[in-house]
């Protein structure tokens, strides 16, 4: 039975041998710890993700990072360089969807076709196919830390390759890279895979190399109530800490109501730190990442830039440590370097302008923080209870029973009964709870809030609210008001 | 001696005869009230500026309006139409700088040269030269209310022409269109001219036509402390009300600190209403206009769009009734229709998204509102005192003595002793007071705040702070921190 | 009731639009067979045969649509449903490309209708009505 | 101390940059004669003659610079200071135009140096030093 327990070094190293055999690039000599550890120790502090984030947290500033990745190696390097020129404090390498499904043969074909077509046929950078040689080349050609961003249920080989290549951050987690990103992979499998990924980082930490880990906060990016995503973040932080991870960035995808968004980031930081402390994980450095609007974007590029900049205001005022930017092409397709740069420049300008400001303390903010925290506590309790004290078992059973349930997720291991809807001020509330592990008093609050809106709009409470809300932002509204 | 007293109808009509003779277009038959009043009564409510603003105030939404104007009539109409397509709720006609100085001969030349050059050689629309025929053609070809925006010390003829043409709003005032816009025109002259302009609107009000008037809030647009601009707005509202104006929009140019900006708008609305009430003006409708950042803009268009969108967030959360938008070309030159449209679209998207939200009540906000209000009360008291109870005399003497003093203003009737600087959170404070009519306790507050910043930056308190702050935003910072 | 097979092709997990399409077509009176995300060409075809469907409505959001959709008409023919309607929509190629060209590429692959990004399913209801009759 | 006349030409009231230029040039050790905003060509030339200045630094922000600056060199010649340095900068034409063309137009009018928008006065200090010597 899979438990939340640190993998022994022996188990880890044994598994590692198999992992490295999954694709030919796994046999690269630099994957030997005797080479990768000294290599990672030699990189300057300014290119270490974990260190740069810790400093940003101390300085109270919000750093920016885009999403980006193309199939061909040199094009990818060019792309990242142009994003740094535009002002990116960190660069990503967004991994293509074949690699995410470990379909390296198709990824190989994608690289070849891209070379022929002179445009990327893949939606990301196939890091495993490019191997340590390619990934190191990327790392050595850029001036800021690199992170892999993907959505991979089994990212073990990918993680080995990127870390050995000097990439000091890795996004994902056993829940957050499964439930929104897979259909029929069990949580047991992904949590096990991600224990390995975390254990790898823990191994590096044990050997004097600090590496950042970032659970994926936004989940499906679509009307996710903060209590659900924050709970998943805290769980993944605990799971990572158990495997020896020390530097964790918990994330949140903008919901659209300013007060709720700022409350969510503040609650997320406070509760992650307090849960880690409560469960005995010491010397942890927790930072936060705010994702600019993750749902459907407006097609108009000026409107999209407006949304990007508005997201930046909220991120800066929330004092999130990092912000993931979008581009004016978001609704259409993977952005050109130029469009991506526009998103970075607008974002960077805004966070810079706001760096000395904060969102004032207020009753409204305090109440929303308290609301989110009590919801998260209830969900965490329910998970631990159903897992008989073990977090991994708790997660597996909680999802089985719908105690944890992510709206709009494709996974068949997710109950899919929860339906969100906005209240009359645009806070994301819960319309249908399914079996979500929340007490009656909290449910009553959500229901009352949604009722307020429905009465204002003079219409029934139904799934139509949810549908209208899903489509609203792309059409220039936050709340999908019924047609009058 | 010029006093704050409603012009008698006889005086008004006598002056009017002369005004209409200042340029040939003043003899147009439609300038006869017997024709203009019925014409204005016949325009639909949706094209009346005053009515549309009142409705927006009730609905709690923020409407948007760009700046725009070109020399040639048909080009101007095309331009306004494209801005409406981009989402403008109101259109302006920004008047060119020759017309503003009543140099109609040069304006005529500018129109001709523009026709030949196939680009506008004027920085705005020369409404007087185009006359009622031209201005009516503009009005009848657009679907939303029109306002004239200028900066004209003597706008009497201009105002006659635009109102008779169906334009139901006029920006400006005896102080706000003098001190920032002229060098050697006395306040006595401009206040007298603007009494006429207001009396004209009052005349229409008496005859059943409501017309909006908007004092120009931002003044020099450059680090103006809110108490100074709010005081000028309230004074101009009182002066306008005395002449019979009923629908007034008081304005404020974004300063850059979110709390201070929102506090300024809230204080502005509350104090304008309360001063109008205190001085016996009944049935007034007061609305507010928030100007997107009015100082030097960044050259990069993405950054400029970021700034525009950030301004929109603040405007929406402040619940300003209207917002004046900028364009991504701001730092370079008068924008193309397309660039102007980008500014509108980004702005409109943001205010739309935030329309159901507000900035939460907080101690910090309350304190800044109280701060601004007590400063404004002190300045208003000082003005009334020095004017022996008369507002017009008060204004003239207050400026003479530097009791009112606008930073960076070109007018020689402005003392020019006040120097602003930001504090450590970016609030605009006062570094040098000159003879500004504020009590010691308030000055001490400003000094303490600026000292806090100087200590943080480890540098002396000097004019260098002001210079650095003037240049900061264009370079991507709010506070012009000294080089470290 | 006419049957329509819907799903998201390839390694694509974008599930939100799929749920909305399901809801909308069902509301519009069709029998919807939703094979969900991460579906192969074979999954679509088998479902269509089983339900005797008249239309396969392929969603592709993540950008690999071009690779994933190749040969689908051929497979339909081989499976004996060569004249079934094939629609495709979403964000079907990587990046912002000239749509008329993109459309040509997919029409040549044998799709009957090809939709650009930002077309919501409501806007396609008319086409469906026209093609399936009534 | 070398003298420089500064001011803002035409019906232009943009005063902020003018104040900063005054401060910067004075700090850099020049004798600055600031004739302020709303200044005519004659105002500039008279001030230059009076102060025996070596440079007239014209600011134009509001867009009418092209109309306002025409014939200025000619007027200088007529006034007997034909070889004085003439600089112009700010936002000297209406709208975003190709700057190399704009520059040509002003050079042809007889200006020695022509600056694009966004050039702060600090960036021109070197040119001034070169032209005026020392």
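A few comments on the model shown:
Per-chain numbering from 1; labels A, B, C and D assigned in written order.
Throughout what follows, a contact is a pair of C-beta atoms (placed from the backbone, for glycine too) under 8 Å apart; a residue touches a chain by one contact, two chains touch by 3 or more.
Note that the structure is a prediction, hence the values are computed from the model and not measured.
Under the contact definition stated at the top, no chain borders both subunit C and subunit D. If you average the CA atoms of subunit B and of subunit C, the two centres end up 54 Å from each other. Centroids built from CA atoms put subunit D at 30 Å from subunit B. Chain contacts: subunit B has no residue touching two or more partner chains.
Among all residues of subunit C, none touch two or more other chains. Two chains count as a pair here when they touch; such pairs are A-B, A-C, B-D.
Here subunit C touches subunit A in the complex through residues 10-13, 15-16, 19-20, 23, 36-38, 62-64, 66-67, 91, 93-97, 117-118, 120, going by the rule given at the top. Against subunit B, the residues of subunit A that register as touching in their complex are 256-259, 298, 300, 302-303, 305-310, 312-313, 317, 341-350, 352-357, 360-365, 424-426, 473, 476-479. Interface residues of subunit A, counted against subunit C in their complex, comprise 97-98, 100-101, 103, 106, 109-110, 113, 119-123, 151, 180-184, 220, 222, 295-296, 299, 329, 331-336, 339, 408-410, 463, 467, 470-471, 474.
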